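The two complexes that follow have chain A in common; it is paired with chain B in the first and with chain C in the second.
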Partner chain A sequence: MGALAIKNVTKRFGDTHILKGIDIHVDSGEFLILVGPSGCGKSTLMNIIAGLESPSGGEVHIADRIVNDVAPKDRDIAMVFQSYALYPTMNVRQNIAFGLETRGVPKKEQDEVIARVAKMLQMDHLLDRKPGQLSGGQRQRVAMGRALARNPKLFLFDEPLSNLDAKLRVEMRTEIKQLHHRLKTTIVYVTHDQIEAMTLGDKIAVMKDGVIQQFGSPQQIYDTPANLFVAGFIGSPSMNFIPAHLASEGGVIGVSLQSGDAACFAPLLDSQRYAAYVGKRVIVGVRPEQWDLAADGGGLACKINLTEPTGPDTIVFTQINGIEVQARLHPRDARSPGSVLHLRPDMSKAVLFDPETEIRIG
Partner chain B sequence: MSVTSRPAHYGFAEHWLPRLVLAPSFLLVLVFLYGFIAWNGALSFTASRLLPNYEWVGLAQYEALFASERWWVAVHNLFIFGVLFIGGAMAVGIVLAILLDQKIRLEGALRTIYLYPLALSFIVTGTAWGWMLNPGLGLEKLMHDWGYAGFSFDWLVNPDRSIYTIVIAGIWQSSGFVMALFLAGLRGIDDSIIKAAQIDGASLPRIYWRIILPAMRPVFFSTLMILAHIAIKSFDLVMALTGGGPGFSSDLPATFMYQMAFTRGQMGLGAASAMMMLVTVSAVVVPYLYSELRRSRHV
Partner chain C sequence: MSKPWRGVLYAVLLIAALYYLLPLYVMLSTSLKTMDEIRAGNLLSLPGAISFDAWHKAWGTACTGIECSGLSGYFWNSVRMVIPAVLISTALGALNGYVLSKWRFRGSELAFAMLLFGLYIPFQVLLLPMAQTLGWFGLARSMAGLVFVHVVCGIAGTTLFFRNFYVGIPDELIKAARLDGAGFWRIFLRIVLPMSLPILMVTLIWQFTQIWNDFLFGLVFSSGESQPITVGLNNLANTSTSVKEYNVNMAAALIAALPTIAVYVLAGKYFVRGLAAGAVKG
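The block that comes next holds the complex of A and B.
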């Protein structure tokens, strides 16, 4: 069953087109991530789903019902805002109860709901405090509690963790994921943090300039990014984009890589699908972890410019085809700057892009 | 500590300079504010008439004051004026602020238009409204000229109604100011709070009533303070609009005091009424100052 379907939704503010034809389909119980850089229209899309803003064109369906003309309160949704949006003069209990009260839920039932939510989020001791007396993390919790008070068909989270410090953010991320496992409610979650996107989502929609660049599972988006933007946006450190000529050597299509005086030919897997591009310039995308140490002395002899130990891995910086390339190696394999390492890209995972259109080829 | 190692003359300048700079204004305030308050207090216990004299009569002036019908009319009027003026200016100002907060076009222009009356002195306001409400010149004459012969609006010259004309003019003058204060407060409310309440199912009036206006409490209190002290010391508006008349039906304590002290040669009585006003203002302002000062010390 479709929990949420967005069909060719557009949004204009005056003459500026903020959303340019968005199409998204989410099944019941799925966790959808909307990710993209600041200002790309994520909050606008979220507000359209919630009914706080009306689309200039297109349709929004919630639970297989078209809701374009349905008021926010009748859409059976709950939303958590980036700024938490707690009611400042009410204490936590009243904050949670407000929505229930507006809907005419009897007092006794309200108390039960508050007790359930407080237990679920471990905030019994906060119930009588005002928002001003809470820490950022506690406010975040209350905002979630307010959303959980009802059993909506759809949860909307607009960057709920972006105001928290790094440690708390990781904790709350895990908690949200557990919550989703427990409740199995459909969630739409906005973030501009690609790690949050990868760890939480069943589906990811990568947005830029009001257009969905790619919509798919986290693994799809990671392995086969649709274009240069998605490839660069998802993954940290980001994918290396190496400009190269596509050449055919003895019937095998591949790219030639050069580092300093050393050069090598890296053949591509299933290379016939790139046949049309032979002789042309392409961009080869190789993620930092897709480099291996060539123990046999093969591969490309690269001079190390810089190393960044992260603990589990060491990021090695070198120069290939005139651009800086990062390779993620086991600390045991890394060498100090100035020395030479023989690196070999895993061409079975490499992706190629057309430098003109920036779209993935093959 | 570095303070102890400073040269002595530096400490001297640092110690005395601020006091020296503040001394003239301090002296002026001491004499012309507190000195005259004290002098006025002293006069209220004397039998001063046209000019001050020091024939002590104890509380006789206060007894005369409390026996004076005109004083009680003034107090009663102040009560009517205070309640209606504060309530009216507050209500009109808040409604205007809420309407302007709906992100309408031409907001800047409208804000200026509503705020403009504040730029006029109460004398101008009073005179203009005096013309408009004058049955022979203003609204009533206009309606008659248009053919509505039965129309009558004679509040300005009706002793039972004259105080309400002052209320109308006062509200007109001050509600734009109240609006500006509240609009600034409303603009400080996070937009997503309103969105959250909409999703929670609250109607717009309910959102304002339950969430936004309660958050305006500090603005509410400052506005109340400002309006209350405008109400108590209201003088020029009455003088320009009704002159306290017809008869003394629209007198306020301030006009009563002025009449007694400066035109009717009852300076002792005027001084006593001034003391009563001082006590009233203090009753309003002192608790407010106290709570404000205490809060700023704790922050």
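The block that comes next holds the complex of A and C.
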């Protein structure tokens, strides 16, 4: 069953078009991630789903019902805001109770709900404090608690972790994931952190300039990015974009790579699908972890310019076809700057882009 | 800050404080003297024997024109005027500020600009049209009319205070409350108003001072039964008797000023705090 469907939604503020025809479909119980750079319209879209702003065009369906004209409170959703938006003059208990109270939930039931939520999020000891007396992490917890107090059909999380420090963010990320497993409620979750996007989402919608660039599972988006923007946005360190000529050598289509004086020809898999591009310039996308050490001495002899040990891996920097390329190697295989390594790209995973349209080929 | 500078600073502050306190001292000491002592002594001397006769006279028996029953009637008139006027103008200001900052509508910026403009209209310009309006409403020369005038003239200022304060309240708070099912009034009463204590104090004090001290509207729009204390004080000081009773005049002036002084002493810290909270910028 469709939990949320957004059909050709647009939003204008005066003459500026913020959302330009958004289409999204989320099934019940799915965890949807909206990811994109700052200012691309993520919060605007969330507000439209919540009914806090009305779209300039298009339809919003929640649980297979058009809700364009339904008031926010009647949409059966709960939202966690980026700034938490806790009511500063009320203590935690009152913050959670406020929404129940306005909906006319009897006092006894309110107390039960508060007890349940407090237990779930382990915040019994915070109930009598005001938001001003809480740490950032605790406020975040309370904001979630307030959303959990109702059993909504849909949770909206607008960058709920962006104000937390790195360690807490990782902890809360896991907690949110566990919560989702337990509750199985549909969640729409905004972030501009691509690791959050990959780890939490069942589906990811990558947005830029008010347009969905790609909508799919995390693995789809990672393996077959629709365009250069998506390819560069998801993954850290970023995918390497190597400009190259597509050539055909003895019936095999591939690209030639050059590093310093060394050169090699890297044949592509299933290469006939690129036939139309033979002789043209393309951009070859190879992720840092898709480089292997060519133990046989083949591959491309690359001079190491810089290394960045991260612990489990070491990132080595080199120059290929005139641009800087990063390769993620086992620390055992890395060499110090100045030395030469024989690297071989895993062309079965490489993706090709048209340099003009920036769209993936094949 | 280094020591000598601190000394200079305190000296400057002390001089400024003395400069402002001196008139108060002169008024207070004069009001406690007898007329003989005033004629004999000098302005700055302390009263020889403290006498409250002048205060009694100013409150109950001094002549304000043909009538000789002191300022008490005027004082209670002012109380009856200032309480509703302050409360209504503050309440409307809070509501206006809430709408103009959190429930913007097409043209709300224009409405705000016009309100700001209202702040700069000299009140003298309003006298004739206002008199006409009061006549139409049947409120001419009545207490209700005077309250109405003060409310209307106070709204621009109170709206500005509250609007600037509410702009600082994050919109997400309102959105959260809307999702919680609260509407316009519930959000205002349960969420916004409880956050407004600093600006509420500033506005209440500000309006109280303005309205209590007003002379112009009191003089023009009230008569006999409904005149406020500022008009009473003026009448008292201008009633020609054979001798000028400085002690009575001073006592009367102090009676007129006492409520505002009391308000500042009791609630002054909220005023300073409210101002410091950046409440009244712009």
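By our rule, the second predicted complex is superposed on the first by the 362 of 362 C-alpha atoms of A that agree within 3 Å, B and C clash if a C-alpha of one lies under 4 Å from a C-alpha of the other, contacts with A are read in each partner's own complex, and residues count from 1 in each chain.
By our rule, contacts are C-beta pairs under 8 Å (C-beta built on N, C-alpha and C of every residue); 3 or more make two chains touch, one makes a residue touch a chain.
These numbers come from a predicted model, not from an experiment.
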Task: Record, for the superposition on chain A, whether partners chain B and chain C clash or fit.
output: clash
- request: Using the touch definition from the top, say if A:Arg103 reaches chain B (first), chain C (second), both or neither.
  value: both
Message: With both complexes overlaid on chain A, does A:Asn8 touch chain B (first), chain C (second), both or neither?
response: neither
Message: Contact-wise, after the overlay, does A:Ser236 reach chain B, chain C, both or neither (first, second, both, neither)?
response: neither
Message: Just to be sure I read the superposition right, which of the two partners does A:Gln272 touch: chain B = first, chain C = second, or both, or neither?
response: neither
Task: Have a look at where A:Thr174 lands relative to chain B and chain C in the superposition and call it first, second, both or neither.
output: neither
Query: Who does A:Ser135 touch here: chain B (first), chain C (second), both, or neither?
result: neither
Overlap of the chain B and chain C footprints on chain A, listed as residue numbers: 47, 50, 52, 72-73, 77-79, 81-83, 85, 87-90, 98-99, 102-103, 146
Query: Hey, which residues of chain B end up touching chain A in the complex?
result: 190, 192-193, 195-202, 206, 210-211, 214-215, 217
Message: With touch defined as at the start, can you tell me which chain A residues reach chain C in the complex?
response: 47, 50, 52, 72-73, 77-79, 81-83, 85, 87-90, 98-99, 102-103, 146
Message: Can you tell me which positions in chain C touch chain A when the two form their complex?
response: 170, 172-173, 175-182, 186, 190-191, 194-195
- line: Given the complex, residues on chain A that touch chain B span 47, 50, 52, 71-73, 77-79, 81-83, 85-90, 98-99, 102-103, 146
